[in-house]
Amino acid sequence: MPKQIKREKGRPSPLASKVKAKLYIAAFLLPSLIIFGVFMVYPVLQNVELSFYSWNMVSPNKNFVGLKNYLNLLSDAEFLQALGNTGVYVLLLLLMIFVLPYGVAYILGQLIKKGTHFYRAVLFFPSLLSFVVAAVIFNWILNPLSGPLAELLSLVGIESPYWFRTPGLVIFALSFITAWRSFGYNLIVFLGAIVEVPQEMIEAARLEKASDWTIFWQIILPLTSPTALFVFIMTITFGLSYVFTPINILTQGGPTQASTNIIYLIYQYGFDYFQTGRAAATAIVTLVIFMVLVVIQKKLEKKVHYEN
Amino acid sequence: MNEIVFKNVCKNYGNVEVIKDLNLTIPSGQRLVLLGPSGCGKSTTLRMIAGLESITSGDLFMGGERVNDLEPGDRNVAMVFQNYALYPHMTVGKNICFGMQISKVPKEEREKRLKEALEILGLEPFRDRLPRELSGGQRQRVALARAIVKRSPYFLLDEPLSNLDAQLRTTARAELVKIHEVYQPTFVYVTHDQVEAMTIGHQIALMNENVIQQMDTPDVIYNRPVNTFVGKFIGSPSMNIVTAWLDGGRIYLGETSAPVPEPWLEKLEGRTEVKFGLRPEHVQLSEKEGDFPCQVIYVENHGSRKCISFQVGKESYYMMTEADFETHDQMWLHINWRRAHFFDAQTQRNVGYPQW
Amino acid sequence: MKTKTKSKQWLWHLILLILVLLVAYPLLYMLCSSFKSLKEIYNAGLSLLPREFTTENYDKVFSSLPILRFLANSLIIALIVTVFKMATSLLASYALVFMNFKHRDAMFYFFTMTMYVPFTVLMIPNYLTINKLGLMSTLVGVALPQLADAMGIFRMRQAMRTIPKSLVEAARVDRVGHMTALVRIVIPMLRPAIIAQSMIFFINSWNEYFWPMLILRGDNTSYTLTLALQTFMNSESGSAWGTSMALATITTLVPLVLYLFTQRYIISTFMSSGIKE
């Protein structure tokens, strides 16, 4: 005898069921959408608006000036210098927290036989520190009169330069501080990609007597290129933001704007000079540059993916 | 009472058609198997019944009620997934009871159904184990138990045996049928395995390229395939289907020909080119002179039987037999006309069968 | 071949040890200097360990600043940010992974793009918004702009995609609501990833400098530790050497302790944080 199956009672109406489903989707997404709307989308749009006005942030009067803020940037010595400095920052940061951790991650992930866990735990740690702490520590370490680096240089008969007051050196010093803090993070991301490279491929190459150098260029690099691309873009976009804190604490962009960059310049225009319109125009220009970089990354990413 | 009816149902993903104008009635309490190669739309059909896929157009009725817009939880179906979908952090007992708990089934009733399910499926010793501590076969039975305790009038199974090894599959098939006989839900079973389909289904709906090709009992599907696709898909090795020519009451396979018996001649009247089908298990070869001379190319030993590959003219054919053959044997093919199939050369549709 | 790679091992370890030294020396320098008198720091040269161990820097920090107050401020902000960011990220990524709706991929793309918007672009409008909301110089005012961070959605979505969809579908068929599926199935399965990500949210907010600086600068009782550290160093210039190292050490303590307990989780989370789509 088959057991009787009771027909379910109190089934909700199709309409109620459908509406409920839609409400759930909305309820799950709304908290994020509201926050991103208010603190991300609206600010970007307001920036676009403000970039057409001349305003000092407190005055009730905003004057519409059209594209003047943008046009002024083209002839603004500070903006052009900041742009040049940004280029130098990007180069230094790419060297210190893109190229270097890529190589070190290869050593850590494929070449050494012991100690990987120890090295990665230690090398990662500074990435959990505040940039304020990093700036404070290096403020003293790089102190030209009696900091340890000055002492070390004096041992070999060199007089320590004034790192934070010498144009040219200041960008290097600030980039180094930023790199010291961020190196570990990029290292770990690279390491994650490098240990995923199938061991058989490397072993096959070793049987062909390929050198470590060749293996890196012929196997590791092509297979980790999506990650490399991601870190590359991150180094530029996040890196320039990261430098903000050391700049603000140690040099405020000086001496004579020798250490400012476009991200910091927006802050200077906005909160040092109270030229809101100019700050907004600079912000929009910066944003456009970044978005172009990211879109290029997304396009390239599809090309460099070898996985199925 | 608990029948499932598809009326002109279509399903698109963007511009891709996954289901084309599906009309299908699954009678209450029956076992229907949706069979077909991968990508034919059989899983999508099942998932539409469960409410996991939306319906682009057309209507789906369950128990006489239109359910297109009903959420999965509101359809009262029980489903077994291909990967079993067991919650890895819950014990066997908790996995089985989770749904009942959500549906607020009273505790004693929950306990009663759990015990019964564990007993039927021989899972009592594993009640407090985690899924990762079970074998594949045990996991499959837990997934089944989880579906049983729902006492749902609809039982949906998505390739539930495909992750099991061949031996377990045979026992699991029998178990599934037994469980269906106990509870008699409307049972929809998706598989790409024709043996499962033949052994489990009251009816088989064979799908290909987003359309149901034929829906009928396993017997009819095997003996009266509606087109060459069905003929080839059912049976292993698959049906020999070759192009043949008819002329003057004779059938030509390549250069050689043989006379066609009277009943078939009537059925094939007016045709010159046809597709001629013969299942390997219905092929007869002997040294005695017959319809077509042929040559044995190689012999594959399957243990209980042998698979013989032979040629008539330039076409290759297969035969399953218990007899012994040797390569290069000159043989004769004898056609068992009562087991022969003819299909239209263009439409690939079956031309029908004569009255004997 | 084998011998050749082996012989190079010392070189790799040498490179790595130099990097370890570069990382460790500044940290040890901070720690050791915080226990030295100002005079000793000036004359220490390269020696690290204090000759005369003293806690005078800590005494001075605690007596001249309401450190516990700052610590509480940092803690409250970091907790608000962590809890809300994790909650909203879990909800949004559940929807992005397990629910079907139009423009789902576009929405995810939108969230990822926001990660690349530099904070100075948002600075003026958010400052004005916080001002309008009357949250200037409040802890909530500092927390709010930090919530618009798509990293959590990105990571949680990535983690949820490792869960077979059929698990949630099985639950849905069994009348399990989305909220229950999230709480009873998805979250228990992702516990390690959620813990690690929460730690990272917490530490990032703890370390945050920009928003506290912008929103709290009017009122020095609501300072966070990082903000206090910066103003302390800048205002006392040369004489604050030892004391600012003491304050920096205090600020570092919380990330350090969390790291010691969750090091493996955190590193494995970051290791898998590449760009697997």
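Note that the chains are named A, B and C in the order they appear, and that numbering of residues resets to 1 at the start of each chain.
The rule is short, and it goes like this: a contact is a pair of C-beta atoms (placed from the backbone, for glycine too) under 8 Å apart; a residue touches a chain by one contact, two chains touch by 3 or more.
Please read all numbers here as calculations on a predicted model, not as lab measurements.
Of all chain pairs, the one joined by the greatest number of contacting C-beta pairs is A-C.
Using the average of C-alpha coordinates as each chain's centre, B ends up farthest from chain C. Put simply, the C-alpha centre of chain A and that of chain C have 14 angstrom between them. Centres computed as Cα averages put chain A at a distance of 55 Å from chain B. Shared interface positions of chain C, i.e. residues touching 2 or more other chains, are given as 177.
Residues of chain B in contact with two or more other chains: 71, 74. The touching residues of chain A, counted against chain C in their complex, run 24-25, 27-29, 31-33, 35-36, 38-40, 42-44, 46-47, 50, 57, 104, 107-108, 111-113, 115, 119-126, 128-141, 146, 148, 151-152, 180, 183-185, 188-189, 191-193, 195, 206, 209, 212, 226-227, 229-230, 233, 237, 240-241, 244-245, 248-249, 263-264, 266-267, 270-271, 276, 279-280, 283-284, 286-287, 290-291, 293-294, 301. Across the interface of their complex, chain C is touched by residues 50-52, 54, 71-75, 77-79, 81-83, 85-89, 98-99, 102-103, 146, 150 of chain B.
Only residues 2-3, 5-8, 11-12, 14-15, 17-18, 20-21 of chain A touch chain B when the two sit together in their complex. Residues 1, 5, 8-9, 12-13, 15-16, 19-20, 22-24, 26-27, 29-30, 33, 41-46, 87-89, 91-92, 94-95, 99, 101, 107, 111, 113-114, 116-126, 128-129, 144-145, 147-148, 150, 153, 177-179, 203, 206-210, 213-214, 226-227, 229-230, 233-234, 241, 244-245, 248, 251-252, 255-256, 258-259, 263, 266-267, 270-275 of chain C touch chain A in their complex. Contact residues on chain B toward chain A in their complex (touch as defined above): 1-2, 29, 63, 65-71, 74, 76, 151-153, 181-185.
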